[in-house]
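Input: one structure, supplied below.
By letter and in written order, the chains are A, B, C and D; residue numbering begins at 1 in each of them.
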Amino acid sequence: MSAKIPEELVAEASAWWTTGIIDIHPGSIAMRGYAIQDLIGTISFPQMIWLMLRGDLPNAPQARLLEAALVASVDHGPHAPSIAIARMAASTGIALNNVMASAVNVLGDVHGGAGQQCMELYEAIAANPKSASDLAGAVDEALAAFVATHGKIIPGFGHRFHPVDPRCEPLFALVEEARVAGVVNGRYAEIGRAVEAGIKRRTGKPIPMNIDGITAVIFCELGFAAPLGRGLFILSRSVGILAHAWEEIDRGTRMKGPMPKSIPYTYSGHAPRKPDFK
Amino acid sequence: MSAKIPEELVAEASAWWTTGIIDIHPGSIAMRGYAIQDLIGTISFPQMIWLMLRGDLPNAPQARLLEAALVASVDHGPHAPSIAIARMAASTGIALNNVMASAVNVLGDVHGGAGQQCMELYEAIAANPKSASDLAGAVDEALAAFVATHGKIIPGFGHRFHPVDPRCEPLFALVEEARVAGVVNGRYAEIGRAVEAGIKRRTGKPIPMNIDGITAVIFCELGFAAPLGRGLFILSRSVGILAHAWEEIDRGTRMKGPMPKSIPYTYSGHAPRKPDFK
Amino acid sequence: MSAKIPEELVAEASAWWTTGIIDIHPGSIAMRGYAIQDLIGTISFPQMIWLMLRGDLPNAPQARLLEAALVASVDHGPHAPSIAIARMAASTGIALNNVMASAVNVLGDVHGGAGQQCMELYEAIAANPKSASDLAGAVDEALAAFVATHGKIIPGFGHRFHPVDPRCEPLFALVEEARVAGVVNGRYAEIGRAVEAGIKRRTGKPIPMNIDGITAVIFCELGFAAPLGRGLFILSRSVGILAHAWEEIDRGTRMKGPMPKSIPYTYSGHAPRKPDFK
Amino acid sequence: MSAKIPEELVAEASAWWTTGIIDIHPGSIAMRGYAIQDLIGTISFPQMIWLMLRGDLPNAPQARLLEAALVASVDHGPHAPSIAIARMAASTGIALNNVMASAVNVLGDVHGGAGQQCMELYEAIAANPKSASDLAGAVDEALAAFVATHGKIIPGFGHRFHPVDPRCEPLFALVEEARVAGVVNGRYAEIGRAVEAGIKRRTGKPIPMNIDGITAVIFCELGFAAPLGRGLFILSRSVGILAHAWEEIDRGTRMKGPMPKSIPYTYSGHAPRKPDFK
């Protein structure tokens, strides 16, 4: 074995695992250049989340806006598949990390991706030069394009359960405060409101913004990439998943199915028959 | 079908999914009795985590101590299986929620459970009446019992990489501040230090407290049940998992194995042979 | 950088990923020493499962006995948490691999581990020298020890739904055929029957062997290690998980919770209150 | 509460969980109409897989063709992310079901979906009326459409490691045998070969069919829906995942990262800095 090739291989192996997030040496841990001991006790958990995902520390008002979005999204009850799965998984006695994994796993496009999709819609509107002079026109174009591709349900607007989402206005008020204070420029809040108006124009009825629509406004105002919208939602909803799993574990439930055993499921399949091995 | 049985069944079905965490009605969401709009913008994310897991709001100093522990544990780099798995999973193009699930799933007893185990050790010492008058004696008994059952590695103490864990003293200083301010009573900090001393007595060498040992002190001081020690760690480490997954996704890596393809694995199995279907 | 260290590092890196299972070179794939082209079309899927897990090919009668156990365990309906989770996960639109992962994840000690635990019980009896001359006595000792440690439910015996498990006798008949043919020696079938009798002695009532008890007999007769009992069950139940997921996907269900929306869950928590930020 | 509504609710709840796969009553289990005791010992594991997914029993030659595809796909070694994840997850001490879930979870579009995508390509060609009289022309159209949408890599053809995939010709030979015997009609084998030829026409170089391309031929010949191509692959690859997990568990590895600790990762991030809380 020649010496030259191994040297390259070791360099290649080290390079294979390259990260700009964390630098570790014996007795030393630094996140994005900051020694961990300079961060503990001085920054908030949302600031740490921002630092890890973005590479730089947010200021306190930015972090507070992010924090409000994280607070607002923790849970929506046991009728949601993710929470029901957490509780049923907990009842099978698997470890808490496994319970959380089975539940987080279902927060995909349909159950956890509306915020990300809504951010992409807002970004498409913002990227359309027309939006500067004719926001309503840019919104109409974006909605038409969205509906043509994805169908008539606009992510971030309307709720199958809440006529008005009670999480929406308090978050909007915080965005407005931040805009007045110069923390954000308010462009995406304006776009969000314009989409709400545009949907009413299209459909003839009010379909108000929901939690996904307003957190999408916040994450866009704060400059997060759209895929991180889903990531931030997962961090938030993990709290509800953990709380529900723990409630079930603490109660000691064993082998909880989706309904009481007294309610049978319906069999809709083939009538009894015999295999015919001729 | 009699009318009486169905009525009972519906009641049974509703009772099957019972929770004290969240109450939802059209236009209304309340967590542990608090309307969500009263919490958004007024409580911190760590306060919401506490509320969801414990049922009541912590005061601000309690929440700040919890927050410091959450900040401290977010990441320990790509040599950890959970982070390597997140990065490799991200490279297969599965959705972010699926990436996070595969990684969170491995935060079990060995990789994510040391804090919980350390809390159980501390609690065993605190529950021993002897600890009031002879803490060192209670520690020695607990360590002897632990080693007899679990082997000589004491969770929360020593680190295979860091001679001194740089996250430990800053967190200890915050516990001491909280004790002086009357936020916590300091009993578990005392127990933690006593375990550190006890390990030195047993082994003859200093094996300093690590991140799991000090966060166990904090979670015990704040009254969390031991299993939630793992739960809180998972919430924190999910941030690192998300950051590393996102770095890999953003880089566009496809199908990253554990090492560069130029480094072959070793085959140690049976020599070539032919099946013998006699 | 000296040449010597890198050479060692490369060797260490290759050794880090060592396997006796598969040997791959360009144009060549061998499992346990057998070229893949010599196996395709010549061995059955259960034979391949055995080869991968055990290192050598079983003969055809051994494989048929394993096959019957794999056939018998594929499904037990949507009231089981694993199947309900698969169907609910499928309704969130995540990919089929993710659906299957969330469901397989819950096949732990309680929901998927009874076969493994039963194998361990049988093995403990077989390993007791007393069992040669006094099998009933060895069984009584093992049951007493098991109950003292794990509680009174003996894995592999009794069923909350079936008074007699219809999968049990057909499998027992196959074991007996295999014993007569000299394929297995029948020792674990004898132990299984003796445990069934021992439970009746202990409890005064018949608690017949169930699917886990008889597959444990088969896997022990065939020489599988107990943890692989769980592994083989997972391979089998994955078929049911896939079938139920696919039925739900094919039906186009979106966001299926555990019960129809018309049946509310029960809120048992704190009455409405206001945060008090004094 | 009126009697009428509850009755409807119970019916609705039962209907909520409807399946045509399995019918269970005390002492009775039937799959697709067949009593389980009529299937145990009489059908093969691949026949049971087919029955569960398709609703009817295949004949023996159909099942043997499916079986060969299941045998061929079990493993491709520890450089694949799924296998590396299985081994690393196993080293964290989580349960076998959890290990398998973390690994199965990554068998998505990129790592486990090529077979499904290839089936969709074949189906598009078969559905083009032109294919009856001008198969090459239909292939050219389909490839052009595919490349325009998905890029130039055609799923099922070419391999980054094997110049010729050794699993391909043995499987093709079995398809041809089945065609001669009248088990399949050979239409998709013809299409597969035509795609191979079409790729050579497009690119000017031979890019031979790989394991995904030939299993796609088999699954299409047997009439499986394309999404089940992924499902069948998962059932097969789960065997390799289990074998590698078990090898690592049996070896007793603890906390295996992606590379030996002696090989450091590369830090590419921000230089050391201090937070500036002005």
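Throughout what follows, contacts are C-beta pairs under 8 Å (C-beta built on N, C-alpha and C of every residue); 3 or more make two chains touch, one makes a residue touch a chain.
From a predicted model like this one, the values you see are computed outputs, not experimental measurements.
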Item to complete: Any chance you could name the chains that touch chain B and chain C both?
Response: A, D
Worksheet item: Hey, which pair has more contacts between C-betas, A-D or A-B?
Response: A-B
Fill in: Rounded Å distance, chain A centre to chain C centre (Cα mean)
35
Worksheet item: Whole-Å distance, chain A centre to chain D centre, using C-alpha means?
Response: 29
Worksheet item: Taking each chain's centre as the mean position of its Cα atoms, how many Å separate chain A from chain B?
Response: 21
Worksheet item: Residue numbers in chain C touching 2 or more other chains?
Response: 9-10, 13, 16-17, 19-22, 35, 39, 43, 77-79, 84, 94-95, 97-98, 101-102, 105-109, 256, 258-259, 263, 265
Worksheet item: Classify the inter-chain contact topology: is it line, ring, star, complete, or other?
Response: complete
Fill in: chain A to chain D touching residues, read off their complex
10, 13-23, 30, 32-35, 38-39, 42-43, 55, 57, 94-95, 97-98, 101-102, 105, 258-259, 263-275, 277
Worksheet item: Which residues of chain C touch chain A in the complex?
Response: 1, 3, 6-7, 9-10, 13, 77-82, 84-85, 88-89, 91-95, 98, 101-103, 105-111, 254-259, 261, 265
Worksheet entry | Residues of chain D that touch chain C when the two form their complex | 9, 12-13, 16-17, 19-22, 24, 26-29, 31, 35-37, 39-41, 43-46, 48-49, 52-53, 64, 67-68, 70-72, 74-79, 84, 87, 95-98, 100-102, 104-109, 112-113, 161-164, 166-167, 169-171, 173-174, 225, 227-228, 230-231, 234-235, 238-240, 242-247, 249-250, 256, 259-260, 262-263
